[in-house]
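Labels for the chains are A, B, C and D, by order of writing; each one numbers its residues from 1.
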Amino acid sequence: MPLNRNQIAWRIAQEIEDGSYVNLGIGMPELVANYIPENREIIFHSENGILGMGPQPEKSEEDGDLINAGKKPVTLLTGGSYFNHTDSFAMVRGGHIDLCVLGAFQISKNGDLANWATLDNSKPPGVGGAMDLAVGAKNIFVMTEHCTKDGTPKIMEECSYPLTGQGVVNTIFTDLAVIDITSEGLKVREKINEISFMELQNKTGAPLIESDIKELSPPVL
Amino acid sequence: MRDKVVQVLEIKMIDKRVNTFEEALQGIADSSTVLLGGFGQAGSPVELIEALIDQGATNLTVVSNNAGEGEFGLAALMKAGRIRKVICSYPRSSGSFIFEELYESGKIELEIVPQGTLSERMRAAGAGIGGFFTPTSAGTLLSQDKEVRQIDGKDYVFEKPLKADVALIKAHTADRWGNLTYNKSARNFGPAMAMAADLTIAQVQEITNLGEIDPEHVVTPGIFVNRVLEVKLEN
Amino acid sequence: MPLNRNQIAWRIAQEIEDGSYVNLGIGMPELVANYIPENREIIFHSENGILGMGPQPEKSEEDGDLINAGKKPVTLLTGGSYFNHTDSFAMVRGGHIDLCVLGAFQISKNGDLANWATLDNSKPPGVGGAMDLAVGAKNIFVMTEHCTKDGTPKIMEECSYPLTGQGVVNTIFTDLAVIDITSEGLKVREKINEISFMELQNKTGAPLIESDIKELSPPVL
Amino acid sequence: MRDKVVQVLEIKMIDKRVNTFEEALQGIADSSTVLLGGFGQAGSPVELIEALIDQGATNLTVVSNNAGEGEFGLAALMKAGRIRKVICSYPRSSGSFIFEELYESGKIELEIVPQGTLSERMRAAGAGIGGFFTPTSAGTLLSQDKEVRQIDGKDYVFEKPLKADVALIKAHTADRWGNLTYNKSARNFGPAMAMAADLTIAQVQEITNLGEIDPEHVVTPGIFVNRVLEVKLEN
C-alpha cells in the first residue's frame, strides 16, 4: 500500500537526528512533528521568529501572537526563544538549521526544487520563506506524493515549473519510496514492497539507481 | 525673576508619545513608501492602518509580508484604493480576496521578494549598507534581472536596501523615549522596519514610565522610533 | 584668550539640539557632556552598545561591564538600553546618530578628516570606530586646537595624513574659532575677539571666508 | 522487559553544558581562526583564553576588537607565541605592550578593520551573506585594495564575511540549550561572534535551569552556541 501522509511524516521523523534544529515547511511537512521518536529532543524553528516551537495548544489556550509560519496557533517549549525576522532568516541563510522539510511540485534529478509557482500567471505567486530555506538549511528533505493526482511524475529530468532553488534537495520521501539525490543520480534507498523497481521507475521522470533497496514499511497510522 | 523660574521649570523632555491617531499619522504624504509590520495578523498594526484611510494618503507603495485578509487593516486600505503597489513575500491566503481582485483586474502592482531577503533588505537600509549578496533566489525567476556573482564557488544575488518614508508597526510596550518590546512571535518584522523608515510610528498595548523597561530587555531602542500611540486591545 | 578645552566643549554643547542622539569621540570630545544646557535632554550613544549613557559613577559604583568607548566606567540613565555591536554600528552607519563630535589631526577645506593614523609606520595603527562614525553620523563636529603644538595649522588644503573619511566634517570648533565647511569654502562663523581675521587666516592652511563673524566668548571654565 | 524500561528512562537531552576548560576547548586545531569576544575587558573571556594556552593550539588567527593588555587573557596567549595574526579595530592601548613588542619585531601580523565593519563582517558570515557594501573606509587607506562601487551617488566598499572556526565569548547566563544573556555593555561582540563560528564556546557567570531565561529576553539563541561553561567570577 502506498503510504498515507502520516506514514510519510513518520518515515521522515525517524531520520531526524537527536538534537537537531529543524524547520518544517507549511502544510504536509508540519505532520512530521507528530512522529518524532520519544527519546529525541528536537528544536523546531519557525521562520517568523521562534526556536523551540511546541505543539498546537488547546483551543482555549490559543494566542494570536504565538503562531507558526503557516499562521496556525502553536506553543513554546521550555527553553524556547523569540527573535525578529532578520535574525530568524540569519539562522536559515547562515546554515544554522540542520534540516528543512519542504513540499514540492517538482524535483529534478540533480536536486532542483520547484514548490512556489506554477505556470498559471493569472493568480499572484507567493514565495514566502521557501527560497531562503531551500538554499540555507544544511539538509533539505522533500515530502511529497510520488506523482500528481493525474499520475504525472513529480521527479523529473528538469523541472518545468519555476525553481525555488537549484540543486538543493538531499532526499525525497514519497508515498512509494525514499530516494537520495547523489552525484551519481537518484538512488532508491527504500521502497514499498507492493511495487517493483520497474513500476517505481515508470512512475518517475528520471532514471533511478537500484542498489540494496530496503523495504519502506511504516506502522499503520 | 518670575520669567526665570518658569524657564527652569520648563525642562524639555524627549516625548515620543502621541494621544490620537491623527497626531500619530500626521505628515504622511501621498506616494510614500510605507512599511507595515506583522506576519499575518500577529504584529499587524491594524488600527494604525485603518486610521491611515481617514488620514487620506494615497498612491502608496506598501511593504508587508502578506497582502491582507478579510476586509480589515491592509485589506481595507487596499479596498479604499490607496495602494499603488505591494512589495511582499506571500500575498495569497485564504482571506486575501480583496488583493486578488485588484491584482487580477490589474489595479495593483505586485513585487514578490523572498521573506528573508525582504527583512534583510530593510535591515540593510536601516544599517546603512549599500547592498548585499544573498544566495536566496539564485537561479530562479526572482533573480532574473539582478546581478549574480559567484563567491567562493556559490552563486549570490545582489540585493539593494529597501528604505521607506514611513513604518507602521505594532509592539507591546513603549516608553516616552520610544523604546519598544514586543509580544512573542508578533515581534517578526517590527525591529527591521523600525530601522528602515524615516518616520517610524508604533502602536503599543501599553505605554509605561521611563525606566520600567529593563535596559537589557529593550528590543527596539528608541533611536529607531519617532512616535508611539497606546492602543489597548483585548487579547 | 584662546579657549581652553572646557570652553571648546562648552561651545559645542550649546550647539546640540534638544532631543539629539549624540556620540562623543574618545578623549577631548568626552568633555562636551559636561556642558549640555540643563533644559535639554540629550541621548548619548556609545558604540560599544549603549544608548542613554550617563556620567562617570562614584568610584565605589564602578562596573567593569559598563564602560564607554574609551573604556572608562560610565552609568546608564533611566530610559537607556544595551545592545550588541552590530546593532550599535547599524545606528551609526544607518544615519540614526544626529551628531558625532570627533578629534582631529587634520581637516581639509572640503571636510576630509584625518584622525586615526600618522605617517609613522613603526607604531601599529588603530582605527576603532572612527571611520564608521565619520561616514555615518548625520553631522560631524570636529573639536580641536586650531594648530599643533609647534604652530602648524591643522586646517589645510588637503590632509597629508591618512584620511578617516572624505568630505564628512560639517563644522570645526577650535580654541580660536567656529568654522563651517560649506560648498563655498571655510566660513568663519565665530572667532575670539583677541585675534584679527588676518591672524586667524595666518594660522589656517586654507582660505577662510569672512562674513558676519560673531564673537566666540564662552564663560570662564 | 527490563531493557525497555531502561531505554525509556534514557531520554537523551540536548545538553551544551561542559564541566571543565578541557572539555570546553576540546578539538580546537592549530591554524584555526578564533574570534575572541570583548571590548577591552568588558565581555572578554579571559579564563577561556588563558585555558587555550594549556590546550595548546598554535599558529592562530585571532579576531578581537583590541590586541590585549597587561599580561593576561589575549596578551598572555600572544606572549605564549600562539598567535600568527591579529584582526582588530584598535590594537593599541596603554597596556598593549606585549602586542606592540611582537608587532615592532615583525613577529605578529596585523589587519586593521574598522569596528563597525568588523562586527558587520562577522554578522554577514553568520547570516549567510556573501558580502556587502559599506560606506565605511571609502576613500581611505583601508579600502585601497578593495572593490569600490558608487551606489546612489555615494562610494561604498565591498567587504566579505569573516567566518571562523571557533568563537570564545563571555556571557552572563546560559541554559543547557545554550541560550545566552549578557551583562550591560559586556554584550558587545558576543552575539555577532556566536553566529560566525563553527564552534562557539561561551563562559558564563551562571548556568540556570532551562526555562529560567524568559524567551523574550534571550539575546543569543542556543542555535548559535555549542558549549557553555560556568566560570564564576567576583564582580
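In this section, a contact is a pair of C-beta atoms (placed from the backbone, for glycine too) under 8 Å apart; a residue touches a chain by one contact, two chains touch by 3 or more.
Being a predicted model, the structure only gives us computed values, none of them experimental.
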Could you tell me which chains are in contact with chain A and with chain B alike? D
Contact-richer chain pair [B-C vs C-D]: C-D
Once you find the CA centre of chain A and the CA centre of chain D, what distance in Å lies between them? 34
At least two partner chains per residue is the criterion; list those residues in chain A. 76, 82-83, 89, 92-93, 136
Residues of chain B whose C-beta touches two or more other chains: 120, 123, 127-129, 134-135, 182-184, 215-216
Drawing the touching chains as a network, do you get a line, a ring, a star, a complete graph or other? other
All touching chain pairs, where touch follows the definition stated at the start: A-B, A-D, B-C, B-D, C-D
Complex contact set, residues of chain C against chain B: 18-19, 21, 38-41, 43, 45, 51-52, 76, 78-83, 87, 89-97, 136
Touching residues on chain D, where the partner in the complex is chain B: 120, 124, 127-135, 149, 151-152, 154, 156, 160, 181-184, 215-217
Taking the complex as given, what residues does chain B use to touch chain A? 39-43, 67, 88-93, 99-100, 103-104, 110, 112-117, 119-120, 122-123, 134-142, 155, 182-192, 219, 235
Complex interface listing, chain A residues touching chain B: 46-50, 63-67, 71, 76, 82-86, 88-89, 92-93, 117, 122-132, 135-136, 162-166
Interface residues, chain B side, partner chain C - complex: 7-8, 10-14, 123, 125-129, 175-177, 179, 195, 210-211, 213, 215-216, 218, 221-224
